[in-house]
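My questions will all concern the structure given below.
Chain nomenclature is as follows: A, B, C, D, E, F, G and H, assigned in order of appearance, with residue numbering initiated at 1 for each chain independently.
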Amino acid sequence: MSGIDAMKFAELDTDRKKRTGFPEVVFCQGKKDEFLQDIFAKLYAANGEVLGTRATKEQFGIVKSVLANAEYDEVSHIIAVKGKEKKLIGNIAVCTAGTADIPVAEEAAKTAEFFGSFVERIYDVGVSGIHRLLSKTELLNRANCVVAIAGMEGALASVIGGLVPVPVIAVPTSVGYGASFEGLSALLTMINSCANGISVVNIDNGYGAGYIATQINFLAERGKTK
Amino acid sequence: MSGIDAMKFAELDTDRKKRTGFPEVVFCQGKKDEFLQDIFAKLYAANGEVLGTRATKEQFGIVKSVLANAEYDEVSHIIAVKGKEKKLIGNIAVCTAGTADIPVAEEAAKTAEFFGSFVERIYDVGVSGIHRLLSKTELLNRANCVVAIAGMEGALASVIGGLVPVPVIAVPTSVGYGASFEGLSALLTMINSCANGISVVNIDNGYGAGYIATQINFLAERGKTK
Amino acid sequence: MSGIDAMKFAELDTDRKKRTGFPEVVFCQGKKDEFLQDIFAKLYAANGEVLGTRATKEQFGIVKSVLANAEYDEVSHIIAVKGKEKKLIGNIAVCTAGTADIPVAEEAAKTAEFFGSFVERIYDVGVSGIHRLLSKTELLNRANCVVAIAGMEGALASVIGGLVPVPVIAVPTSVGYGASFEGLSALLTMINSCANGISVVNIDNGYGAGYIATQINFLAERGKTK
Amino acid sequence: MSGIDAMKFAELDTDRKKRTGFPEVVFCQGKKDEFLQDIFAKLYAANGEVLGTRATKEQFGIVKSVLANAEYDEVSHIIAVKGKEKKLIGNIAVCTAGTADIPVAEEAAKTAEFFGSFVERIYDVGVSGIHRLLSKTELLNRANCVVAIAGMEGALASVIGGLVPVPVIAVPTSVGYGASFEGLSALLTMINSCANGISVVNIDNGYGAGYIATQINFLAERGKTK
Amino acid sequence: MSGIDAMKFAELDTDRKKRTGFPEVVFCQGKKDEFLQDIFAKLYAANGEVLGTRATKEQFGIVKSVLANAEYDEVSHIIAVKGKEKKLIGNIAVCTAGTADIPVAEEAAKTAEFFGSFVERIYDVGVSGIHRLLSKTELLNRANCVVAIAGMEGALASVIGGLVPVPVIAVPTSVGYGASFEGLSALLTMINSCANGISVVNIDNGYGAGYIATQINFLAERGKTK
Amino acid sequence: MSGIDAMKFAELDTDRKKRTGFPEVVFCQGKKDEFLQDIFAKLYAANGEVLGTRATKEQFGIVKSVLANAEYDEVSHIIAVKGKEKKLIGNIAVCTAGTADIPVAEEAAKTAEFFGSFVERIYDVGVSGIHRLLSKTELLNRANCVVAIAGMEGALASVIGGLVPVPVIAVPTSVGYGASFEGLSALLTMINSCANGISVVNIDNGYGAGYIATQINFLAERGKTK
Amino acid sequence: MSGIDAMKFAELDTDRKKRTGFPEVVFCQGKKDEFLQDIFAKLYAANGEVLGTRATKEQFGIVKSVLANAEYDEVSHIIAVKGKEKKLIGNIAVCTAGTADIPVAEEAAKTAEFFGSFVERIYDVGVSGIHRLLSKTELLNRANCVVAIAGMEGALASVIGGLVPVPVIAVPTSVGYGASFEGLSALLTMINSCANGISVVNIDNGYGAGYIATQINFLAERGKTK
Amino acid sequence: MSGIDAMKFAELDTDRKKRTGFPEVVFCQGKKDEFLQDIFAKLYAANGEVLGTRATKEQFGIVKSVLANAEYDEVSHIIAVKGKEKKLIGNIAVCTAGTADIPVAEEAAKTAEFFGSFVERIYDVGVSGIHRLLSKTELLNRANCVVAIAGMEGALASVIGGLVPVPVIAVPTSVGYGASFEGLSALLTMINSCANGISVVNIDNGYGAGYIATQINFLAERGKTK
């Protein structure tokens, strides 16, 4: 009854890029060190690039020791092992209500950039000082998709939804205290939005929002069949 | 073991007007007919006026049969037996996100008017079309207190909180469906507001908001000691 | 203190079509009869077409008495007053887990069709008989956007998310009993999906999903600037 | 893909004092050190005074190194950089149910004092020994606004609401254990209060209560237009 | 596969009176008519008296047709088939916050009286007018046990707990609206009471409180072994 | 935009009997009349027998008009169209805490009998009179699987789990009031059971329990490969 | 703006012993060191004995340095400074479902003993091995009051409630994992108990149960007026 | 008032193996060191083998010092003191959605193996890459019982339920973040499964699933009476 080798059970989804257009991404949080090295190495071999999310600085060290060109971003906690330079296309606006939401926003932005989208950052434009957001209306209207990120009461998505003609991906964050219940309040706000065009991902799921925004951005720039 | 007479157990708080400046108000919902007649009659005798909230049209009939000058408002479900005409003073702005919130808003507005406050109604100015609210900024800034009423995601209070220098009383409503959980979503939004100056009352509690707004309005107009 | 005229407070958002590309839509549930006639008439005058959701058959009669070309669909509870014929473009796949989810699906599908999208219906393909869904893979892959609708455990969205390269809009439904808590279980399932490309709207919000799917479908077919 | 400079995205709301009568306040919890120094410095330059809430002693050290006249209060966790001496006007009563609620109470009290309100502290007067509160009735009745702070079952606000003619701002605290659910129980108690004149802020939000109490206190002392 | 006879599966607990000192009581709500007649008849035969709770007037008719001396109380919804007259001993104080709580209170009071306890009714003494309760302190202090019944914020139990030396049985009621969540708010308030000597039964469970109060009242009057 | 034919979208899982050993069963609740007739007819043609759960008496009439040998059980709300007589094999004990749980129990029992299991009914043996259950220990120990059904506090499953060597399928019911939250309390109790061998199905899901119990019963009687 | 002296705000309830028969008890958790010394010293001076609950070993050291006869119990986390020896009277049975519940049980038992009650400990008799509890029936029946303590599914109270004629005070504990939600599951189980005579205190509130059990025990032994 | 000896209160259930066919197992989490040694020693003496779950490496050291043949598995956190070699019989398939679920899966697998079941591990086959699971269909169909383990949205159990003819024991895990609420989302998904044959155990309860799976596996291999 010795310890099992968790690695040998991992079923790498090598077919995914063909099926969905995007390579498999590594959710680093809680992964064991050996596992991390192994999976980064295998995915890099298969795809020529790898993205890892929710990584600690220690995990970055582990990865860098096998993939020397790995890079780490301390704000978003993303490890990126980039392939050849990509031209960033289209336009995704990533917006936050406050400065505390920026780590989630950067996870979204860097994910979208890694996949090849151009990103416009519009941060700290929460609804309690609505003029800040309104002064960015022109910028917002250049986007193929808007990512709206907010904690506490999470009202940002509704206001943006009423301003733009494109889909808004809303990301509730765990920023807040007391009755914010670690993001539940913002999640409910966004799911109940009275504005049109708003759909929601999990609390703090910047990566997911960046992924969907890129899907939409690419559809807008290249169409489905290109 | 015969039925008890619930009436004989009612402890009318005749001292309340002296203690708090406001007479006792009747929460009609679920009250038995005889009880309703009795309590309206007694309070009218004591105070020369009575306000009843959450009354059905049938209950109004019951009350009118003993107090012929009773009036009923079908939108707010308020029964008012008015005393001598009051000059409406000060300024309370009552705002709603949508038209479905108007019954709660009218409960607030008519309560405030009954007590002697002047009320400005600003309805259907929800955040998904933010220009509607912004066009009312000047009106909002005349108020001593703003009542912000919204269901669904309840974001209205936060935006108003950032625009005005006076207290905002936020009223979540049960308007919505699905994950609005009968007003819980709007309640959490308002309690977690990132804007300053916002405090919250119970779901659909228009009466409570009208009461507090009047307390503040009177303090602003007359000061504490007048 | 007479009843107020709720109508006079309605702030019609006539600017919305210019701002967002879509005209205002009527959420009929709970609206008073006079209000309904008035708003349908005004929006038809402004836009030459009107969509109303969550309407009863009685409400349809009310509307039809002022707009004779109004049509009603009993499954989706949609009232449509159509303008000139539109060519349906692109491809949206609307999928359900069971037959009980079809009313929500039809709300999504008919909304998308009203706005001008072509819709492929793929119903009753829930995960407990996974071969039913897999046999539709080719159909799914023609879509610019997939709407995945499910109650009970709501697992459909995750499986579809792993099969297609385009965004999946997930709609939890209130179908179920006991611990489904009127759709909360399906909502949580979808928000926590381990698949990429999934974002979620409110419980039973077929309209919202049809709207977003159309935004994406149009972006894919025409690009942003066309 | 280097780390971004969160500072450059902060949108300082320099207009706020003009709009709302109060300068922007710093919510220190979780803020990075450099950011903290920068924002305190900028706000001090703009307003001649700064208030920071939820600060650690370490953060105080950081701030003091750039603003030597900064002061720290260990009970309320408030950093204050004061401008010229203010005459404290009016009267706000800040009450707590127990001694464990005092940190939240001091956040409220010191916020109100910073803005220029006179504060009367009435602590440890919870409802399980009701005579303690009743012996303070005269003190309570001098206030323009009462802040009622309680954890556990949170019943204090209701009793005070029945004793005073002025608005009561209720602050639930996370004091308690078991089914207090970190303040949820007290929050629900206060939102459901049967007493009039009570509105509620977020769990442990002493700052918010101090802010609103000051708005009301100033309205009572100076009126709206003065 | 014909319908089963539910009656034949009922396992009457004829031993209960010996084991616990109290005969089995009938929870009438939802019971089929035939079942009701049968069980009342059997229990009357066994114990010479029967108590039924949560009965409709229709159910009373059903029972009365087999047990002519059955009595019904419309406030408490209790059916009582009494045996020989009992001398009511001891003292139980049954208190309510409002008049809407009286049906639950009467269920408690009539249960206690049926079992042989003397009951003092103290109704409509909620905490928002605390003087009403305080004026009854002497009455309260005659009791061997106090039953405190309240909906909405449910603060009554805590105040009584601080006034009396005997156990307080707290009964949350479903009286309220919005965030009272059908009694959950009052239940949490009572479970978190900061006062000593308070224990809680289910929402609206007047019967349960009357039962326990009688257990305590009898222990106080007769001791354990008598 | 005419109404769609929901029937044409139903994907009958004709392969299911081969895959899982059990034919498809009809969940009647909420199904339209035409749909019901159609699906019963098709499944009867395919399998020579049909089971329908959660049917109203009206739905039974609808089905009987096309399948004359359909039978209805008013307690369990089951419609059964039986094929050739089956010998009932093995032994499943179906237990309830109270008589109010019997409808759910009969859904479980009749489902198991329809599939071919022998069922022993042990009803009204809740834990508050534990001797009733203990007197059935011998009966319980004859079973290959026990179904334990209880509402309110749902403790029955834990006690049975400690008495028998075979799996216990626990079914929480919505029987109860107040803090039972329509079965949530019993569900949590059963999921947290300290006894071994207990797994849980949805609230009121008698059918599901009867199905699983039969799977286990058949495995015990015939083994896997027979 | 220097730190306030929390001590000076503490309102010691010196009147409590006269009012309720029990001296004030110290809830040590989270109390500052100086405060602890001060309050123990004052209460000892007033009452000649002090009980402190939820104390750490460090806090005991602090107290012992001012009251040398203080004693500490590591299982219950109780500090006791005893007065003159008391004769323990009556009989309280304190029962637990498992060994992990013993710390809460000892808090109850030692509280009751401190106040002067005789306590019988009956531990590790959970319902999954029901014979363990049944073998103690005689012991249970000697008690004037039973305290039933359990985590996980919390079924112990219901079984005991059916066995004894005296009140059962149920204490849910936070023992468990997953869906026990830190004691919520056990709390709901106990509140919904189908057995008579059960009332509930807060999660892990051994002290509260010991207090109430003593109130009942004393009533049974001495009657109300002695 | 010295510390009690918790050990002396432990009621070892030595009768359990006879009653249920399985020896008592030790839940190590939170147990004191001395207690652990004592209980392992006693159970080993009684049964010739012992299983301990949720043990830390430190606890293993403690146990090994008294039972030298104890073994520890770091993935499952299981301590096993094995008796004589058992032939592993039958077939249980243990499946996980992701690699993060493997610790729970190994707890299930090693428990089943300890009791004498043969286990097939099928890991990392979550529904977002459904082909991975489908490629294992043949393996799945060899099992007498399937254990389906998943966190996040927990959809795995439903898909497996539709593929196999045997019972599926579903184990929700706490793997996930945000709105997974530590496993609650997966628990609800599994309880609401639309597939037949699925029953659920507590979050992360691998042990419980391994136990039940073994009960079923043994019934299938040996029948009830063998």
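By our rule, a contact is a pair of C-beta atoms (placed from the backbone, for glycine too) under 8 Å apart; a residue touches a chain by one contact, two chains touch by 3 or more.
Predicted, not measured: the structure shown is a model, and the values here were computed from it.
Of all chains in the assembly, those touching subunit C and also subunit H are A, F. When you average the Cα atoms of each chain and compare centres, the chain farthest from subunit A turns out to be E.
Residue-numbered contact pairs of C-H overlap by over half with those of A-B, the repeat interface among A-B, C-F or B-D.
Separation between the centroids of subunit D and subunit H, computed from CA atoms only, is 50 Å. Distance from the subunit B centre to the subunit H centre is 57 Å, each centre being the mean of its Cα atoms.
Subunit F and subunit G have centres, each the mean of its CA atoms, that are 44 Å apart. Annotation for subunit E: residues 129, 162-163, 178-180, 184, 187, 191-192, 196, 202 touch two or more other chains. Pairs of chains in mutual contact: A-B, A-C, A-D, A-H, B-C, B-D, B-E, C-F, C-H, D-E, D-G, E-F, E-G, F-G, F-H, G-H. Against subunit D, in their complex, subunit A makes its touches with residues 71, 73-75, 78, 80, 82, 96, 99-100, 102, 106, 110, 113, 121, 123-125, 129, 131-132, 177-180. Looking at the complex, you find that subunit B touches subunit A at residues 97-98, 126-130, 134, 152-155, 158-159, 161-163, 176, 178-181, 184-186, 188-196. By the touch criterion stated above, subunit H contacts subunit G in their complex at residues 1-4, 6, 9-11, 13, 15-16, 29-31, 35, 172, 174, 182-184, 187, 202-205. Partner subunit F is touched in their complex by these residues of subunit H: 19-22, 25, 90-91, 144, 162-167, 169-170, 187, 191-192, 196-202, 208-209, 211-212, 215-216, 219-221, 223-224.
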